[in-house]
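Two complexes follow with chain A in common, the first pairing it with chain B and the second with chain C.
Our next item is the complex of A and B:
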């Protein structure tokens, strides 16, 4: 088994309609390495374990540990820019490499590499963020930032895209086409979203439940919730309109990712006392939560609740596939891939269609 | 939680590289890094290189992942994986010394 573990989605299908989904995770609970370490060791170890979103993980660890210790950490301000750039890089990876590949479009690799490097520079205080954002608006959407800000309905979005030559125009159109042709038996229920919580909100609502079982299968009042760009932006008129048109949310999640990228929103918070610390960092995939309890100078408890655990909860957003009417197994597989990519897993994913 | 896996380049193949790592021989997309050379260490995620790293960091990540494997196997003792973590010059495992250069 690879170290990073895997998510496995089994789609139960009777040849015409999806009647069930099962999600299994073999992701190792890496936070179990932390009890018994010193707080400094924990802060060093976490980014080694989570090398890819290392900046967000490091910021979350540092914030949780320092608030448990009741001390200020000036590096957190510096880390913030890095966390933001890392989230933008993750969004660009999905938008420019993964989505075009899945939908059969050419990959704008050269632009991706250039923007990725520009964001690395910005993370260390070099380069011009305004210029980069203006270029991203123009290249991705064929719009100015001002034009993009005025887009408040899906119809207006496609009208503006038609007028320009944005790299993402064919992808957004293809996904819209695929989504409106999905046929569901019965009404499609809208899933529930994780609110845009601060560390205090998280502490108030979730602290009593924090533990290994919660970290593996997080939920609130028995309901799994979706976190990520759509959860953060769903109240905006454009996203409300997209969700009203297609509650499955495939296109809405892609648009939300764009909003997140171009409006470059970041939020970090922390709260702590009496040896307990809790931190919240908004990442490209959603809310990352760290919780630590320090006792006699050692980590006594450490829990990490990552966005993938919310978004791929067995009773969560992927149950949106249930009721899908599809007679062709290959097309069903393609649709399932769209669902999975729209939810943006941070581990390898395996999909099986079980015909029974 | 995106766990990155360190691998060492053995053979460059256009925009890809054949690499050796803890999961054996793998083909890695190196688009993001541009030119890589045999002997280079890469931090990879889902078959793509995310970052070029030095051999010391590769060894530290591998130690952390060794501990993770042992957690996954139900073990509770893994302190020996972290001997090099704090306040010392990390020691490379034998198989990494010396780093191959071509």
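Our next item is the complex of A and C:
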């Protein structure tokens, strides 16, 4: 049977406190199927293999191959529009289906289906982006875009949400409540974030490490970094305030996703390359890297670093669970699910609590 | 990263669900995000929803790739190499 693999999180727990986490991946490195094929074939196969975020994967493949061949990326504007719409669909999926389900709220499925279809249309140049964004502000937050832009602290966010009837108000409130009641032994340290690098920055900063082993366990100077909406937005006053209140970042990641969704008016700059076969695409989950080396018209080397590799690194953000004081295994499992969903894995995830 | 194994629609369930065969495992999914799907079509499934309809040729080609990948993984395991 074909296997897309999964991620597994083992939480080591002594009955009172979490003292370790182990993250394992059984996902096959599908990019190993590409060497030996023509560059065009690689570009065709990648979106078939990675169908869930197919637009971003295809754009990254086209940009990497074009870059290695010294050509401009064809139809860049259309590709960027597609990548943006796909990222907005992914954010809506988390916000409207996954978070309500995990926190025990009804799923606004009908609205989700309608907006998903509207974004499919926008990806192909149909529909009105401004109208859709105005509708999303109203429905999700009960605010106008103007009101949302003025929200610069967490307190102001909840004050504005209280005044409206946004779909996400109860979700945000419930997550805030869960997060402030988490009890940690010692100070919670905030993790490190991947800067918003261009492809040339990636080449310059990671050149010595880039390769297959790096693709499986990416890090910078020995440190795993978080990528995604929070990494992109953490300097904004609202997110700085949310992270200061709760360095675990559960609510901050959810707010960051919302910012990423609602402030993504421009699709420009989501796709870049270094002119030597390395491409970078900004997806909903964070930075997607592709690298190709072409020799005699064939792919000689290909590897992909997906955001999930950064965010679910064994020494990465999930180690934030270490030190959590929780005496109830079922509640510990629920908290672990909040951590995992906040980091948004792109594959199936299993959690086990190991009581030693 | 999000690999997508094509799933074949085996049975339609009113109003908008379906049973799919995903590598030999039968699973109920929602068809709310796709249009005009009939029994025998292949779709990409993501967290319980059919995300996209594939044409038959694409789907079969993708399944072949996954089979090839499975064979590669087994070979590497036999040779004692890491699967990652």
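Keep this in mind: the second predicted complex is superposed on the first by the 341 of 356 C-alpha atoms of A that agree within 3 Å, B and C clash if a C-alpha of one lies under 4 Å from a C-alpha of the other, contacts with A are read in each partner's own complex, and residues count from 1 in each chain.
Convention: a contact is a pair of C-beta atoms (placed from the backbone, for glycine too) under 8 Å apart; a residue touches a chain by one contact, two chains touch by 3 or more.
Computed from a predicted structure; not experimentally measured.
Engineer: In the superposed arrangement, does A:70 touch chain B (first), chain C (second), both or neither?
Structural biologist: neither
Engineer: Pick one for A:346: touches chain B only (first), chain C only (second), both, or neither.
Structural biologist: A:346 sits against chain B and chain C alike.
Engineer: Thinking of the overlay built on chain A, is A:38 touched by chain B (first), by chain C (second), by both, or by neither?
Structural biologist: So A:38 only meets chain B here.
Engineer: Check whether A:237 is in contact with chain B, with chain C, with both or with neither, and answer first, second, both or neither.
Structural biologist: After superposing on A, A:237 lies clear of both chain B and chain C.
Engineer: Identify the partner contact of A:25: answer first if only chain B is touched, second if only chain C is, both if each is, neither if none is.
Structural biologist: second
Engineer: Under the stated touch criterion, which partner chain does A:327 make contact with: chain B (first), chain C (second), both, or neither?
Structural biologist: A:327: touches no partner chain.
Engineer: For A:216, is the partner it touches chain B (first), chain C (second), both, or none of the two (neither)?
Structural biologist: A:216 contacts chain C only, not chain B.
Engineer: So chain A touches chain B in one structure and chain C in the other; where do those two contact lists coincide?
Structural biologist: 1-5, 27-30, 32-33, 45, 48-54, 57, 109, 113, 116, 304, 306, 308, 346-347
Engineer: In the complex, go through chain B and note every residue touching chain A.
Structural biologist: Interface residues on chain B, with respect to chain A: 1-5, 22-23, 31-32, 34, 43, 45-46, 50-51, 57, 60-61, 64-65, 67-69, 71-72, 78, 82, 85-86.
Engineer: Please give the residue numbers of chain A that touch chain C in the complex, ascending.
Structural biologist: 1-5, 25-30, 32-33, 45, 48-54, 57, 93, 97-98, 109, 113, 116-117, 216, 288, 304, 306, 308-309, 346-347
Engineer: Within the complex, which stretch of chain C touches chain A?
Structural biologist: Going through chain C, the ones touching chain A are 1-6, 23-25, 32-33, 44, 46-47, 51-52, 54, 58, 61-63, 65-70, 72-73, 83-84.
Engineer: Can you check the complex and tell me which residues of chain A touch chain B?
Structural biologist: Result: residues 1-5, 27-30, 32-33, 37-38, 40-41, 44-45, 48-54, 57, 109, 112-113, 116, 304, 306, 308, 346-348 of chain A touch chain B.
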